[in-house]
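Note that the chains take the letters A, B, C and D in the order they are written out, and that residue 1 is the start of every chain.
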C-alpha cells in the first residue's frame, strides 16, 4: 500500500532533507548534492547521466566564474566526492538525469526536481527550526531558502517508489535533478540535451505556497511570468577624482543612470511587467573615478511579447547609458524563463488519482503564482511535441516568505508531495489500478 | 572742450537712454531700435550699412521663428519705421554699421555697441527708477535688464562727437551697433561681413560692474569664458498615458535624463567650467505621454579646450538620452562666445588718455568678469590681423544684479563712458594732442 | 415612432455637433457652450440650474487662473452670451443641470453629458473631415478631440425627446451637462451639489470605441482606473549661471529628478498602475539658474488602494526632490476619478430595450476600457444610495485615436446614441410600451 | 659627513623599503608596520608612544569594522608582533610617535611620515620592478601604491641620523609615523593628542611627483583642496521583485538617485570644487528589491567655505534621496583634510640648507598639486600656535600614476629625501654649521 510506503519512508525523507539543508550549494556548483543524489539512485538501479552527460554545456546560462567553480570543486573533494564523479561535473556541469525503463509498453513520464540553493545567510536564531534542530546551513551566505532541499528529497522518494514498485509499472520514467533553477539558468541546458523531446507526461511542482495548508495541493499554476535575466558590465577609465576628474570615464554614473531609467520602462497595456536591478557594484576607491561597474538585472512580462518588450527597452537603456558616459557596456543574458500554460486535461486526472491518498486532502484545480520558473522551458518543449505537462503546488504553512533568512516549511509537506507523485505514477502508469 | 561737449550732450543722453529703455526689443528683432539709431546717424552724416548690409545673414545664430519676426515687423511699421528701412531688415536682419572717414591718413578705429534687450518682465514697482520716472518697458516680458539701452546711448554720444569734431580727427571710424548680443548670437554675423578685417584699434565695454563706483573704469577685462549655446529638441511619440503607455516614446524623460546628466559633466583640472539648462519645456497634457520636449542649454569653459570638452560631453549626453528613450534629438547651436585676451598695450594708453577727463576719476588696469561676451569674436578677429582690442568696464552702483526685473544703473555712468571713448578718440586719432 | 423622431432630428443633430465643434471651450470655460445648451433647453421647457446653481463652487478642481477666465468671459460677451447668464457662470462656474418632472409617479432617471474640449491644435488638413466641411475649430490650441461635442449633441437630442414625449413618460429626468471632464475636475462639484443623491437610474457613455462599428454598443464598461491628478510647483532661487551658479537653487533639477523617479514607482502586485508627467515647464532663460518649474502629473490604480499607494509615493517623491535641491514644492490636487463597477442588472435591460431600435444593431454586455472618467464619482454616489448606474460605449470607426489632432468620428453614431437613450427612457420610464 | 652617512645607509634604506612594500597594511591596520618601525626606533634609543598613546582613539575617522581588525590582529600575532605591542594597538590604534630630546636648548622640530597602503591588487607582471625583484605585495588587494613604504623608510633613515648625530644637534625632535593617511583619517587623531601643539618647525613631504626628476625637490606645495569623506548607508526593505515589488523600499534607487545628483552640485564662483562617488554597492540578489546600499563619497573645495558648501549640499542630497524612496540614511564622516598654506619663510631656508647636498640637485620654490592631504590638519595646528610648516615634493620618474597597480618609483629618491631632511635638521638644529 502506498500509505505504508510513504509512512515507512518518512524518517528517511526527513533525514535526507535535513542533510541536504545543512550543505546547500549554489547553482552550477551542486557538486556534493549531485553526488549524493547520484549515489542514492545508483544503488537503486537507475541508469544515470551525470553532469556533462545530463546537460548541454554550451546552453547553460550564468555560470559562475572559473575561480569560484574551482574552490567548490576542491571542497567537493574534501567532502568525499569521488574523483571520477567530479571529473564528470568539473567546470560547473552539475545535476543528473536518472532513467528507469520498465521494459513494458507505456508512456514516457518525466519529473523535474530542482536542487540549488540561494546566496542568503541563514539565521542562527534558536527559534529558527533548522537552527534549533542543528541542520542549519554550514555555509556562510548559502541557504536552502526556497525549499529545493525539499524538492530534491521528494525526488529521492519518488525514485525509491519507482525502484521498489517497477514490477507494477509500465512505460519509462525520467527524473531530472536540475541545477541552477534560481536565476532561470539550468533548465535550458537540460532541454537542449533532448530529455524532454519524447516525454508524454511531465510533472513538477513547488512546496510552500503559504495560502494552502499541508494536505492541500494545486493541480496547476497559471500566471508564471516570462523573464530575462542580464548581467551588465560597464567599463570606463579611472582617474584621480581630485586632480584629473576630466580624464575619467565614469562607469558608476553609467550604471546609476541606467538603473534609474530601467525602473521607468513604461507599464504595458496588455499585462503585468516587472523590472529589477537586484545588485549594483561600482568603483574601487573613494577618490578614484569609477572604472568598472556591474549590475544584475531582470525583466518580466505576462506574455512573451511583453517580456520581449521589456528586454528590448532594458537593452536599449543599458547601451545608451554607456554611450552617455562614454564607457562600454557588455550585456550578458544569464537567465531565461518562459510563459507556460499547464495542460488542463491533467487537472481532473490528478484530482481523481489523488482521491484515495491519505496525505492529499484536497486538490484545487489551479492557484496563480506571479513568479517565474525555468521549468517553463521544459514544459513548453513537452507541449511542443504533443506531450502534456503541469506544475503543481504543495501547501504548507510558512512563517516567512521564500528567500528569507528564516524561511522554513512544515516537513509533513514532503509526505504529501511524494504521495502526490506516487498517485500520479500509479494512476498514469500503474499496471494494477 | 570735451567737458563742455559731454555736459551739453548730457540731457540728450538721458533722453535717448530713457526712450530706448521704454521700447526694448529682443535679439534680431531690434527693428525700431535700429531705425532710431540709423535716423540719428544719417542726420549726422555717417555712411550707413543697415541690416542685411551690416551682417552676413547666413552667419546669424539663434534667429527667432518666422512668425515671431513677422509680428515684430508689423509692430515696427505701426511705430513708424519706414518701409524701405524695414525691407532692409526684414527676416531678423537688424543692427547697423556707421562709418566716418575723415579723409586724413590715420588709424582705422572700431567701436562696438550692443543694442538688444532680454526676455524679462520689468518691475512696475514705484521704487524702481524707470517705473517712477515713467520710462519703464512698455512691452510685457521684454526689458533692457543688461544696460544695452545705455550702450546704445553711449554709441550715439560717440557718433555725435565724431560728427562734430571730425575736422580735428584723422583716420577712419567704424561704429558697430550689434544686434543679439544676449545668447552670443549676433557678433558672428558682423564679423563674417568683414568689418573687423582691417581695424587697427578696437574698443568696446560694459556699464554696470557693481564693485566700481561711477567715475572708475577698468581698461581691460580678463576672464571671459568661452561658451556654446544649444537648443535641443527631442521628438518622440505621444500615447494615452492610461490606456497605452507602452506605445509612447517619452520625449520628457529623454529631456529630464539629459538635464540631470548634463550637470554631472566632470569638473576640469585646467580651469573653470559651467553648464546650465536654463529652460525645459516638455509635453502637452497631463494624460498624454509627452511627444515633444525642448531645452535651452549653455556650456562654458575657461579655455577653448575646456569649452570644447564641455560641448563634446553635452552633445554626447543629449544624443544618448534620446537613444535611451527611443526618441530623436536635434541639437541646434544658437550662440557662441570665445575666450579673449585684451591687448595689454592699450591699458597704459587708456590710462594716459583719460588722465585729464573730468568724468573718469580712476582707471584700473583690469577687472576680472567670469561671464561670456560675443564681442570676443570681434576682438579675436582684430587680433588675428595684427590689430589691438580691449573691452572696458564702466563702474556704477547697482542695487540689483544684471538680468534682474529691477535692474537699473546710475545714469551718470553714461557721461563717464562717453567721455572715455572721446578721450580714446582724441588720444589715438586726434590731430591736436 | 422613435425611428421617425431620430430620423427627423438627424439634421439638427449634425448641425448642433458641427456648431459646437467649431467653437470648443476648455474645462470651466465653457461659457458659450453652456449658454447655447441652456437657451435650447429653456425653449423646450426644462427647469434649468446654471453655473453656480449647478455645481458646488468650492468642490471644483483645477480651475484655470483668474486672468484666463476673464479673457474667456470677455469673449463670451463678444459672442453674445447674455450678461445675466454670464453673471451666473463668472469665475469658472460653467455647466448646467436641466430637470423635467413629468408629475407622474416613477423613477428619477439621471443622464450625464460632458461638454469640454482639449488643449490640442486641430489639424487644418483638407482630408480632415471638419476642415473639409468647414466646421474645424476656430480656436488655436483648443479642440473637441474627445467627442464631447458629440456627447453634448446627444444630450440635446435626448432633451428634445423628453420635452416632446413627456406625456408618455413617468417620473423625473435630470440631465447633467458637466464641465471639465478632462482632468477629472468637474464631476466632483456636481456631485457635491447633491444632484445624484436620489437618482434611481443613471446612464452615461462615450462615443468612439474603435473596435466597435457604428450600430454596436456596449452596455457596461469595466476597468476604469482610479486616478489622482496633481500640479506641482517648485520654487527656487535664480542666479547667473556663469558668474554665480552656487547662489542658485535649481527648480529645474528638482523637477527633472522628480520626473525620473515618479516613473520608477514600483509596480503593484494587486493590479494595474499608471503614472505620467504630462507636462513640465522650467526656467526662464538659458543663462539663468531656473527659479521656477511646474509639472502636470497623474497617477492611476486599478483599485482605490492602489491609487492611494501611487498618490502617496508620488507626493513623497515630489517633496523629496524639492528638499534635495533646497527649493520649495507646492502640490495641488487638480483632478480625481474613482474606480466604479457598472450595475450588472442594467445589462440585460439595456439589451432588451434596444432590441427594437433601428439604429442599435448589437448590444455587447461589456467592453473593458482602462482609462479614467470622473463620471465614476457620480455613479458611485448613485450606488451608495441604492441606485443603479452604468456607462455605455457607442461604436464608431476611428481613423485616429482620441486626443489626436485629426480625431474625428462617424456622425451616424449620434443617431445610435440618441436612440439608445430613447430606448432606455421608453423601456424604463415609458407609460406606453 | 652627511654624504657618507646617506651612502652608507643606502643598502638599509632599500632593504627597509622592499620589506615594507612586501607586507602592506591598510589604514588603522598597520599592526606589523608599526611594530617594525617601533622595534627599529626602540633600538636606536627613541622614546616611543605607540598606538593608543600616539593618537586619540575617539578622534579617528573611518575605522574598519571590528571583524576586519580582529583578522588583522591575529595575522599580526602570526607574523611575530609581540602581545604587549599588540595590546597597545588593539582595535585599530596603530602608528607611533618617536621623540628625541637632545637636552640642549633649541627648537622643537616635527616630522610626519605616513605608513598605510591602498586597497589595490598589485600587478605580478614580470616587468613590474617589485615583481621582478620579488618584493611584490604578498597580500591580495593591498598595495603600497602611493609610496608610503618609501615615506616610512625615509622616516627610519631620518631617525637613524638623529640617533647617531644627536651630539651635534640641539632642541627636540618629534617623528610622527601616522596611520591611515589614505582617506584623510589618521592625522586628526594625532593632532587631537597634542603632538603638534608646541612644534616650532614642521616638515613633511611626498615622493613621486612625476614632472620632477630624481634630485629635484619642491620646498612647498600650494593648492591642496579641503575635503570631507563620507560613507553613506541606505537601509530599506527587501521584497520579491516579481511577486510583491510594491512591498519593497528600494535602497538601490536611493543610492543611484543620490549619486546622479551629487555630481550635479553647482560649480562655485570662488574656486575649485570636486565631488566623487568612488564606490557604490547595493542589493543582494537579482530578484530581490534591494534592502541595503552603501556609497563612498568625497567632496573637495579650494577654500574652507567651498568645502563646507559642498559638504552641506552632499548631505542634503543624501538625506533627500533616502526620503524619496522611503529608506533611512546614515551618513558617516570618515575623513577630513584641510586647506593649508605652506610657510613661505621656509622656502629660502630649505633652498639654502640643501645647497651643499650631494643628492639634492635643485630646489624649486613650489609646485602645485591639487590633491588633498590630512597633513594639512597638522600644519594648520602648527601655524595656529605660531610655528612654521611646509610640505615638500621629492621628484622621481613615474611610469604610472599614483594608485595604479604597477605604480613604482626610483629608489634613488629615498636618498634624496633623507638627505633633504638631514640638511634641514643640520641647517635648523645643528650646533655646528
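Going forward, a residue touches a chain if its C-beta (ideal position, glycine included) is under 8 Å from a C-beta of that chain, and two chains touch if they have at least 3 such contacts.
Predicted, not measured: the structure shown is a model, and the values here were computed from it.
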item: If a chain touches chain C and chain D alike, it appears here; value: A, B
item: From chain D, the most remote chain by mean C-alpha position; value: C
item: Between chain C and chain A, distance of the C-alpha-averaged centres to the nearest whole Å; value: 50
item: Whole-Å gap between the CA centroids of chain B and chain C; value: 49
item: In chain A, residues with contacts to at least two other chains; value: 243, 245, 253, 257, 260-261, 263-264, 266-267, 269, 274, 289, 370
item: Contact set on chain C toward chain D in their complex; value: 243-248, 250, 253, 257, 260-261, 264, 266-270, 289, 309, 316-317, 319-321, 323-326
item: Chain C to chain B touching residues, read off their complex; value: 118-120, 183, 225, 227, 229, 240-243, 245, 252-253, 255-257, 259-260, 263, 274, 276-290, 293, 296-298, 300, 335, 369-372, 401-403
item: Footprint of chain A on chain C - complex, ascending; value: 260-261, 263-264, 266-267, 269, 272-274, 370
